[in-house]
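Next come two complexes built around chain A: one with chain B, the other with chain C.
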Partner chain A sequence: MNDSFSIVGKKVFRQDAYAKVTGQAKFADDINFPGQLFAVMVRIASAHAKIKSIDYSEVINDSRLIKIIDHSNIPGNKLVGPIRNDQPIFCFDKVVTPGDVICMLIGENVDDLNKLKRKVKIDFEELPVLNDPLKSLEENSPLIHPEFENNLIIHYPLRKGNIEKGFADSDYIIEQTYRTAFVEHAYIEPEAVIAIPQETPNSVKIVGSIQNPFTCRKVVASVLNYPLANVRVIQAELGGSFGGKDDTMNILSARAAIGAMITGRPVKIKYTREESILESYKRHPYILNYKVGAKADGKITAMKIDIIADGGAYSSMSPFVTWRSVVQATGPYEIENVQTDVRAVYTNNPYTGAMRGFGSPQPIFAVESIMDELAIKLNITPDEIRRRNCFTSGSFTASGQKLEKHDVNLIKVLDTAVQKSGFKEKWIKYHSLQEFKSLEHKNLSFNDADSLILKEQDYLNNQNYLRKGIGLAVSYRGCSLGAEGIDAAAAYLSLQNDGSLFLLCGLSENGQGLRTTLSIVAAEVLGLTLDKIIYLDQDTSLIPDSGPTVASRATLMGGGAVKNAAVEIRNRLEKLLVDEWNLAGDAVFTFANDKVKYFGGGAKEISFNELCALAYKKGISLSAMGWYKGPDVHWNEETGQGSAYFTYVYGCQVAEVTLNMATGEVFIDNLIAVHNPGRVINLLGAEGQVYGGVTQGAGYALWEEINSEKGFIKELNFDQYLIPTAKDVGKIKPYFIEGRDIYGPWGAKSLGEPTLELTAAAIANAVRNAAGKRFFNLPLNLEEIFLGKKLKAESLNRGSA
Partner chain B sequence: MIPELEIIKPFSLEEAVDFLNDHPAEARIIAGGTDIIPGLMQGSKRFTGIKYLVDLQQIDELKEIIADSENITIGALLTFSQMINNDSLKNNFPLLVKSASTVGSVQIRNRATVAGNFINNAPCADSVPPLLVYNAKIKLLGVNGNYEMPLSDFLIKPYFTRLKTGEIVTQIILPKPKKEFIGDFYKLGRRRGVAISRITLAALIQIEDNKLGEIRLASGAVSPIGMRFFDLEQKYSGSVISDKLLKNISSDLGKEILKVTGLRWSSEYKVPVTQQAMYLLLERICSAHKQVK
Partner chain C sequence: MKIKVSFILNGLQVTVETEAHRRLLDLLRDDLNLTGTKEGCAIGECGACTVVMNKLAVNSCLVLAGQIDGAEIITIEGLMKNGALHSLQQKFIEKGAVQCGFCTPGMIMSAYALLLSNKNPDEEEIKEAIAGNLCRCTGYKQIIEAIADSEI
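And now, the complex of A and B:
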């Protein structure tokens, strides 16, 4: 930690904390407008069907209905999507998953509308349903979107070196297949948005729980066929997003906007939890085949990776999500010969898109599991196999990128985690125990219930039913968007003539603490105390398009923009003081605690508010727009080679678990998380990211799973979809190893996603250590551990989960 | 969505019974509301046609705890949180208090009542197996006055009891077990907090020297409703304690449960784990008994 900072790196309370914990913060559904109407969605119970006709005759004259809106009311694009325009705002020819919406009813009362929606008669013809992504590319598979020639959304190949030679040179080869589940973001606030017609003709204002206001504006403008400037998107306080309030919210905003423009009144859409889980996208389930060849000394010679990602019904972010997978699939290991193929495919399952981690938790689970298997095969400890292969400064990644211009401090991160946890000794101790076999004894035939009755020798006793295990995982992560897209952000700072400041950035506060982080950056440069800073609401009409708030890029890019703006203002103020105090042009000032000091010949001092008043009087501009653009990166789509991201971060987590062999329960006793975020701006915020990310990662490891039964979701609320509670995860201990970086504010890079992406892998390795056997399919729930498979209820009805 | 309802707040039991009898089809009692409110939200068939919710919170006698030498009698409105914080219940009925502490979350325990737990009679009602092994009786009030019934007779099948229209459960009578009884409660959920139980077990055993005296065993969640295993109890009462015996009891419990439930999708997991959990529970009880001696 650099002591020369006055506020950067300290523990700072969130500026919005008080309003949020006292219930004063206004979330989208807390906001209402005079004359406001509501809209409810109409769906059919089918995962794949041709719409034959829609009959509104039973509702059209009902006094409780103000307007029916369907695809025929859309003036602009009827289909939207980040890359491929394949998702309808309202379905018109087919439905391809049960979350699909055919039309919406607008009226004054939601309860009335919910009664009316059952009277919309939709005649449809069922089509064959495709649920297995492994069958998506088969010749006779049903086509989800017949406008494309097959169900392939994207295929990313990556070729490096000579894979055959790599395997031929190896002494050991391991090949394994891993699977991960659909998971739900589980943001605590369900979707809500209001569209308000504006006085200027053909213009609309949107207020909602929107993660990416600029993306939302683009979608709404394209659907309404309006210029971008005619659509103003304002973000309400966001009750969690985790990547989840992007596509879904853009589409909901477009629906509300159509409704508002047609009725001339504000239209609100708010989802119940059930609707939220039904319609919103999930994290991609992956099927990952990994083949690894290594020399006897542990050096990996070749890695061949084949991944199928279930994109579900729409392409959404699949091309970006799977691109991150192809870049990072080998893990942070320098491997000469790599062949990776990642394919995303359509099915009739819920569609999948962005979620914290974004294509990294799945391959990390697979590669970190197989690294442990390799270590066990070579009779070395898991930390050692990683030390022998992991990136160091100047290493080349799978895509042939040389790691430079930042601290490649993975070994330091790993060593810190190993030392803090006592990993090596514990791992050896627990590993010496016998493979835990009793769980596999039943291969049940349901005609033979007697086989469920335990024999005397089957019983575990109170002395032997619990076991301990320890596991680690490492990861590296490309910061920000990389070769996915344009990477730049804006911030606007406006000092007032009394020394107070307002600040606005083109990136959003999504609950991650961005307002506080960016305020700290401005406060550090200008020497302000934080109570002088007011952070404005995100508003697309007040600040330039800065891209989406995703990819753990807000501190790096937004912080860079704020710093640039603050430095520009500070330079003007310094120049003013040089003139006022008759100093040399290169005079050095300190800005701290609302004071500006000069220590050269004859110390001088001025309070910050006096300085601002002076500048104002002299006609010097006290505001500035900061812009921050990442360096160029490039990617070759055919070979998967290129400088994917301009900088990277590194992490290592160590999980200790207790495995209950009598029940299959896994309890996380403690978890040590060591991360290199570049530079910590707010220590309290950084620790919060670790606690949240690890807990979410633990959910991914042990509980969370959306089951798509022929496309239908069973887990539509939190009675069935289980996220961890505070009681379910033991102590989490964060450590930060700072690195030197030339990008971002004082080298601050990324932390949000890195904290989550490797947790499940660390837990799975700890379970492996305890059980003496590998579990290949997330989540490692009771049945997965106890029976080595998942058990599913036959009915979609609610019951004991 | 919750339909429009009228909330009736009677000040006496008589008033409540009268109202319930005047509106037999349309009135339903609400105590903590932790089952009925989510049920209404979900549009559950069990709660359709309700126009009045009769809120008993004004009736103080339903919140009393009365102890005498034989019994502790608790009012039907006692919440799980109140139960957890009552020393006399903690000392005399530790299994019940342990089960209460595993119900839902703090917020749910602050609202939910023990009587509501068994009147709703969900398979997973956490407090039912302990109430059954303590031989709990309940007191009911109807138009014809008060009467008592063992809880095990009151519970019929999932979500059904012998509660008649217009009746109120007013009290739960818990006979204090004799000193030599020792027992434990076990709950398995998918997680540790806010967990719906997948398996609950309660065992209360009289141990004399190295022999089992009276045995009382009950399960929940793994059986269609919370239930006792009277045949099993009788079969093993008087047996000499051995490791093999405890395993036999557990395996027999597995058989009994299979008899009741038949094979269900979850049997492959639940049946072996129930036996294993019962064995661990019995082993712990017996070794705790040795330590006490």
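And now, the complex of A and C:
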């Protein structure tokens, strides 16, 4: 850490915390407009059906109804999507998953509208339901979207070296198949949005729980057939997103906007938790087949990977999510011969899209599991197999990219985690204790032979059944969007003539702490104290399109833009002082604590507010727009070769668990997370990212699962969908290893997603270490461990049956 | 059917006329414009709507208007005294216990109810007190630290 920073890297309180602890922060549903109406959605209970007719006759004349809106009211695009336009705002010919919406009713009272929506008569014909992506790929499978020739959304091949030769050269080969589940973002704030018609004709304002206002604007404008400038999207305080308030919110915003333009009044849509889970997209379930060949010394010679991602009913972000998977699927290992195929497939399941990790948690779970299996086979420790294969400076990735121009410090990260956790000794000890025995239940005293209900002495006094385990996982992660998209961001800084500043960025505060991070960047350059900075709400009409706030790119890209703007203003101020104080052009100043000082011959000092007043008086501009563009990257779609991302971060997590052999319960005692985020800007926020990411990762590892029963979701609320509570995860300890990088503000890169992507893999390896047996299917819940299979609910009704 | 209920809200006597089936959460947010109390699940699982009623933490989505007559209710808006933050609010800021902030009001009210009955809770008691308040951002660690450091 560079000690010359005045504020970067310190523990800084959040800019927005005061509003949030006092209840004053305004989330979307806290905001109302005069004359506001509400809209409720109408769906049918089918996962795949042809719509034959819609009959509004029983509601059309009801005084409680102001307007019915369906596809016939859409002036512009009826189908939207980030890559492929396959998702209808309102369904018109088919329903392809139960979350689909056919029409919406607008009125003054939600309770009344909910009664009326049952009177809309929709006649439909059931079509065959596809729930298994492998079946969707079969030759004569019914087509979910008949406008495309098959159910394949995308296929990414990657070819490096000679895979046959690689396996022929190996001494050992392991081949295994892993599976992961649908996972819900479970932001605590359900979706809400209000569309407000503006005084200018054909223009609308959107205020909502929107993660990516610019993407939202693009969708709304295309649906209304308006120019982009006629749609103004303002982000309300966002109550969590994790990638989840993107497509869903864009579509909800478009629906509200149509309603507002047709009624001429503000229209609010507010989802219940059940509607939120029903309609919003999930994290992709993956089926991952890995085949690894290695020499007796542990050096990997070949890796063959076949991944099928369930894209659900719409393509959404599947092409980008699975692209990150194909880039990172081998893990951070230098392997000469690689063959990877990743396919995303349509089914009638809930659709899947962006969620924290974005195509990385699934392959990391698989590759890090199989690396441990390889270590065990070769009789070396898991850290050692990684040390013998992992990236170092100058290594080539699976896509043939040379890792250079940044600290490739994975070994340092790994060694720190191993040392801080005492990994090696513990792993060897627990491993030798288990002697590779499978779980055996024969000593348990079941109440009767057919029941798995334990007797009291087994679940209350079960010390004999507790086993310890330790496991680790490592990863590398491409920062920002990579070759999947345009990568640039804007920030606007406006100093006032009293030295106060307002700051606006085209990226979003999603709860992660961006306001504070970017304020720190501005404060560091200008030597301001944070209380002088006002951070303005994101508004698409006030700042250039900066792309989405995703891919752990906001600190890197937004921070780069803020720094550029701040440096530009500082340069002007320095030039002014050179003139005022008659200094040489290369005079060096310090900007700190609201003062500017010059230490050359005859020290001089001016307070920052006096300097701003002086600049203002001299007619010097005190504001600047900063722009930060990532370097060019490229990708060959046929071979999967190219410079996928312009820089990478590295991480290692070690989990220590207690496994109850009698119940299958796993408790996480300790989790050590070592990350290289480039540079830490706000230590308090960085630690918060680790605690939060690890806890979400623990949920992914052990509990969280959306079951699709012929497309229908049972877990529609938090009574069934279990996310970690305060009692569920033991100690978490973050460590940061900083590394030099030429990009971002002072080399700051990514942290949000790296913290989550490793946790399930580390926990799975710890469970393996404790149990002496590998478990292949996330989540590692009680039945997976105790029975070796997942239990499926027999009905969609609420309750524990 | 409309009923009239009187209760003490954040130290002030309040009387409202409302449909009997409405929830305390709706009264607070819609009728009294106290939007600091949030709705996250509407079935008493997430704790975002937690308020303190007669010194106990309750999910205001599970309390009907008819149940609050004569009660004393404190919401997040009632914690500040004379313009100063309550110790819990201050410690939540200092410890980094706030990220998106949607669970924060409910979390603080559960912690407040805990401190009313237990001035020096240990870590397990804190975890138990907030086990009904879901947070998806923070992993709870800094929240637990903040509560442990707070005074009533």
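Everything that follows uses one rule, which is that the second predicted complex is superposed on the first by the 771 of 801 C-alpha atoms of A that agree within 3 Å, B and C clash if a C-alpha of one lies under 4 Å from a C-alpha of the other, contacts with A are read in each partner's own complex, and residues count from 1 in each chain.
Going forward, a residue touches a chain if its C-beta (ideal position, glycine included) is under 8 Å from a C-beta of that chain, and two chains touch if they have at least 3 such contacts.
Owing to the predicted nature of the structure, the values given are computational and were not obtained by experimental measurement.
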First (chain B), second (chain C), both or neither touched by A:695: second
Which partner reaches more residues of chain A (counting touched residues only), chain B or chain C: C
Partner chain in contact with A:83 - chain B first, chain C second, else both or neither: neither
Partner chain(s) touched by A:725 [first = chain B, second = chain C, both, neither]: both
Chain B versus chain C as contact partner of A:781, first or second or both or neither: first
Contacts of A:229 with chain B and chain C, given as first, second, both or neither: neither
Partner chain in contact with A:465 - chain B first, chain C second, else both or neither: first
Contacts of A:27 with chain B and chain C, given as first, second, both or neither: second
Touching partner for A:14 - first (chain B), second (chain C), both, neither: second
First, second, both or neither for A:663, with chain B first and chain C second: first
Residues of chain A at both interfaces, chain B in one complex, chain C in the other: 719, 724-727
Residues of chain B touching chain A in the complex: 1, 42, 105, 123-124, 188, 190-194, 196-198, 221, 243-244, 247, 250-251, 254-255, 258, 263, 265-269, 271-273, 275-277, 279-280, 283-284, 287
Complex contacts: residues of chain A adjacent to chain B: 110-111, 114, 442, 444, 446, 449, 452-456, 458-462, 465, 662-665, 667, 703, 719, 722, 724-728, 781-783, 786-787, 791-794, 798, 800-801
For the chain C and chain A complex, residues of the former touching the latter: 29, 34-43, 45-46, 48, 75-77, 79-80, 85, 88-89, 92-94, 96, 98-105, 108, 126-128, 130-144
Residues of chain A that touch chain C when the two form their complex: 11, 13-14, 16-27, 29-30, 185-190, 237-242, 272-273, 510-513, 684-685, 687-688, 690-696, 717-719, 723-727, 729, 732
